[in-house]
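Note that chain A is present in both complexes that follow, paired respectively with chain B and with chain C.
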Partner chain A sequence: MSITTTATRYREIATEFASVLASPSTEREREQRRIAVMCLPFFVLGTFAAFVPLVVMARMSVSADPFENAGYSLEAWRTLATDSTYLTVAWNTLWFAALTTIVSVALGVAISHALEKYSLPFENVLVAVLSFPIALPGIVVAFLIVTLLGRQGLVTNLAAVFTGQSAIDLATATTVTGLFIGYVYSLVPRSTMVLRGTYAEINTDAEEAARALGAGSIETFCHVTLPQIRPGVVAAIILTFRSALAIFGTVLVLGGLTVATVRINYEISVGFDSQLAGAIGVVYFLFILTFTFASLRFVETSVVEL
Partner chain B sequence: MTRWQRMIRRFDPVGRRLVTAVVYAFLAFLTIPIVYTFVASFASSADGVLPSGFATLENWRVVMGYADYGVQTTVGRSLLFSAGIATGGTVVNLLVGVPIAYALTRYEFFARDWLNALAILPLVPGIVLGIAFLRAYPENASTSFGLVVGYALLKSPYMVLTVQSSFQSMDLRRIEESARSLGASWPRTFLTVILPNAKNGIVAGSIITWTLAAAEFNFTYMVYSQGPRPFSLFLFENINNAPFLQSAAAISIYFLIVVSAIVVLQFLGNRGFTTTTTNP
Partner chain C sequence: MAEVCLEGLTKRFDTELAVDGIDLAIRDGEVLGVVGPSGCGKTTTLRTLAGFETPTEGRVLIDDEDVTHVPPERRNVGLVFQSYALFDNMTVLENVAFGPKMQGIGKTERRDRARELLSMLDIDALADRAPETLSGGQQQRVGLARALAIEPDVLLLDEPMTGLDASLKERLRTELSGLLEELEVTALYVTHDQEEAMVMCDRIAVLNDGSLEQVGRPTEIYERPANRFVADFVGTSNVLPATVENGRLDLGFATFESNGFSETTDGTAVVRPDDLTLGAGPIEAIVRDRFYLGNGVRIRAELPDGESVIVGLDRTAREVTVGDPISLDLEVDRIHVLE
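What follows is the complex of A and B.
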């Protein structure tokens, strides 16, 4: 098919679509118009609040002038590709997010298992407490970690009393360990909420049958429960990993490791290298986008929970 | 029974106790710093190992702006400002999130799954959106309008998910068909039959998006340049510069907001600060 006929064909489809939207004649067409109208506000917001700014940011990364989008220069991308600092930042971001995700999902499985199976007292209160950190901004989580592990922290002081060392030497809040604990603090509640949804749908008959046939509780978990919650575990890993990637405030306050979000902030606040910040932003956004859509093929979106 | 199975069996009685212990230990880890911060906000001295000199409202007076000294920004003005912006963001989220949640739940259409993923997953981290806004809308990024639009985009997935969860528990097709067969037009059906039935989910979604937007930090920190200081930056200033007890009081204000939100959500049928609604 030649280009002109393809173009004509598309124009025909567009004209038809427009006429359906303007004056629908069948119920099916009316339904299509309803769908279009109901999705429209989202498209408007998505266009002006996400698409346009992101395109401008991509343009910013190749701008010759740091203060406005003018001229073209690939300097920022060259730096990004050749300077090993950025390779380290990427590696830090990935391994740290991956490690905290694995730990958070493992803890999430334990917690949602206990909540679903053990009928713990005051379950409602426990769930409410567990969901509390979802509402906390990263900077507040950082503060809470400092109250535990900072120089005047509770755990630090306790350790100082027992070991006789000075509290200042024992403070770990601003090290990578403190950061790790901060990540886990904000990620476990998210992974648990995803897993709780899956746990609620487990077919308990199979578990009871396994127990009746003589399987122990650990065997039942490994061979009967785990295969059933596997989709939830995969979804929890994906969603927790995405949340971990976006963390900024916690690292800004605690330090300990340079991850991509903090590096973007550094490029802007030290020397205002807006092109480089834009370039990191583009890579970062594209990574999250690709990761999300590539991994969504493994899960049902119905298990998504935030 | 193999040797391996026998070995595993020996751990069975321990397993349950171990998991329970992990759960309680983790809950303690979550709760202790929160409670400690709240309690410390009423102390008058943080010189010792533990805060001492209870109970005084001095720290609260300072952050509330009733003392003659303290941080430059007081909570009253910044919280009011952020509450206004968050309300604006929530209104935009209602207009954007409720219709698309309905379309995605009720209808089958081209690329529905892709659109669903876009609507329920936050794809742009706040910090990236922040630098993008700075260049795309240099005049407006840090104005109230810019913040409202930014918050609306960042928090819309929470609205869509919560409302969707409510819609999913209703038989939308039947409700719609019954109302239509009784003579109601489609818009009337949607506004007077569908929406009132999903009321709990819509209110819950509004509370969640409002609370998150009121303390949004990453995007705000990136775009802020002048004008009234948003609440999250007030918190940041306290965490970075203020004495410990005073920061504790500042943060406790936000704790009170979250606790109130969770209590209301509980009444609406949400279990905690989550997007899952269980319709009565």
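What follows is the complex of A and C.
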């Protein structure tokens, strides 16, 4: 088939589609129109929040000029590939996000289990408190950690009183430990939100059947409950891991570890190296995209929506 | 096998009284049916026996051992659910072998036991299938095999036939009845289907509003209901005001020899539709409604005093149509008078 014929064919399809959208005559065509209208916001979002920035960042990363997209140079990519600083940043970003994700999802499972299985006193208050960190900016989370675990922090000073050690020695807010707590504090509500939805779908009869067959609480959880919430756990891991990768304010204030977001900030605002920032941004973006699509294979979309 | 005893069992959910001081015993190897309208407390009774509910008052005894506060996993009670409740992440064989696995039985032995049960229930060909690929009847068989695999002291069946189609229900009912008899397992069978209870159970307990109305063999429950609720709930009945005086039973529209009924001026006669027969009897009536049921015919006949009675007729009985005047005879020996 020649290019002209193909183009003509596509033009015909487009014309037919436009005609269907303009004046649908069957229920199927009306449904197609509704779908097209509802997809429009996603199309706009995908274009201006993903495709365009990605293209601009990619162009920026190969620009010969740091202040405008002019000329072509692979210097930023060469630096990214050969300078061990960036490998360390990538490694820090990944292991720290993975560790905090595992802990946050584990806590999310425990919290969801407690909320869905038992009638807890003041449940609404608990849920409100648990969801609270979602609304907090990372910088505020960091400040909370400082007020608890900093040199003048409540926990630090209590620990100092009980151990007789100096509060300065015991302060952990700006260490990896403080950062870890800050991350988990921000991430637990996200994992819990996803897991609570999954818990609501659990077949409780199956759990009771297991108990009647002699399984204790832990065995029932491992053999019956966990397989049922597996799609939710995978979804929570995906969502939490992506959120962990994106944390910026908390790690900027607390320090303790240099991760990708902080390094991008450094390259732009301190090093004025927009090419390198663009290259890191492209790698970061593509990694998240690949991770998300790869993970989706493990999630039944009918059970959990990401 | 075991004997079960519920002593003064009361279960309250906040302010709602679900079970109200039930005393009930299930004999060794007996199948006891529990019937009653929705919300009468039958499932709560079963769940309390299984250990999933702790009674507010009263005790649960299995073989004279007080298990009121023993958790479900240590009661050795098999549970069959209306919803089947199979483990979707396991094959049929793994489902059935799960209980023995929890009991610490070795892999070979538990698999052999599972296969034996699957074979007994004629579903051995399904051993490697996933539960979601099975029909409702097959899933219920797997659920039963799974419950039996732990060799339970007591088997609890919570409306196991609900949701199955009529023909499958009838077939499964016969099979299950034979199996329970063969295994001589002590069982509590909860159902809202009275016919199912009649077929499956050695005795039936009728619950209403959390209270026990009557316990007895199916014939006793049907033919000698303890009160008006049981008469109304179990089967169809004509409940008529009755007086027994001077050895005669007066139903208002006709009088009969009393046949040993206790004297009463404010009694209630329970007359089953089959106790009334079409023929040259003393009761004159007019057919007001006629319902063809396939295996028989039901008519509603209006009596001279304006009362109506339901009459059950054989489908081979002579054709009657709405508006026909008919004569009815009553088998006085079979009616029951509540004082």
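Everything below uses one rule, namely that the second predicted complex is superposed on the first by the 277 of 306 C-alpha atoms of A that agree within 3 Å, B and C clash if a C-alpha of one lies under 4 Å from a C-alpha of the other, contacts with A are read in each partner's own complex, and residues count from 1 in each chain.
As a convention for this text, a residue touches a chain if its C-beta (ideal position, glycine included) is under 8 Å from a C-beta of that chain, and two chains touch if they have at least 3 such contacts.
For clarity, every value in this text was computed on a predicted model and none was experimentally measured.
Student: Taking the superposition as given, does A:Ser119 touch the first partner, chain B, the second, chain C, both, or neither?
Tutor: neither
Student: First (chain B), second (chain C), both or neither: which does A:Ala212 touch?
Tutor: second
Student: Touch check for A:Ser23: first (chain B), second (chain C), both, or neither?
Tutor: Neither partner.
Student: So in the superposed three-chain picture, is A:Ser131 touching just chain B, just chain C, both, or none of them (first/second/both/neither)?
Tutor: It touches chain B, and chain C stays clear.
Student: Taking the superposition as given, does A:Asn203 touch the first partner, chain B, the second, chain C, both, or neither?
Tutor: A:Asn203 sits against chain C, while chain B stays out of touch.
Student: Could you let me know whether more residues of chain A are touched by chain B or by chain C?
Tutor: On the superposition, B touches more of the residues of chain A.
Student: Once the structures are superposed on A, label A:Val224 by its partner contacts, choosing first (chain B), second (chain C), both or neither.
Tutor: In the superposition, A:Val224 touches chain C alone.
Student: Name the residues of chain A shared by its contacts with chain B and its contacts with chain C.
Tutor: Touching chain B in the first complex and chain C in the second, residues 216, 219 of chain A appear in both lists.
Student: For chain A, which residues count as touching chain C in their complex?
Tutor: Against chain C, chain A makes touches at 203, 205-206, 208-216, 219, 223-224, 227-228.
Student: Taking the touch rule as given, give the residues of chain A at its contact with chain B in the complex, in rising order.
Tutor: Contact set of chain A toward chain B: 30-32, 34-35, 37-42, 44-46, 48-50, 52-54, 56-57, 60, 69, 107, 110-111, 113-115, 118, 120, 124, 126-140, 142-145, 147-148, 152, 154, 157, 161, 185, 188-189, 193, 197, 216-219, 221, 242, 245-246, 248-249, 252-253, 261, 264-265, 268, 274, 277-278, 281, 284-285, 288-289, 292-293, 296, 301, 304-306.
Student: Over in the complex, which chain C residues touch chain A? Could you list them?
Tutor: 50-52, 71-79, 81, 83, 85-89, 98-99, 102-103, 143, 146-147, 149-150, 156
Student: Provide the residue numbers of chain B that touch chain A in the complex, in ascending order.
Tutor: Against chain A, the touching part of chain B is residues 5, 8-9, 11-12, 15-16, 19-20, 22-23, 26-27, 29-34, 36-37, 40, 46, 49-50, 92, 95-97, 99-100, 102-103, 107, 109, 113-129, 131-133, 135-137, 149-150, 152-153, 156-158, 161, 186, 211-212, 215-218, 221-222, 232, 235-236, 239-240, 244, 247-248, 251, 254, 258, 261-262, 266, 271-276.
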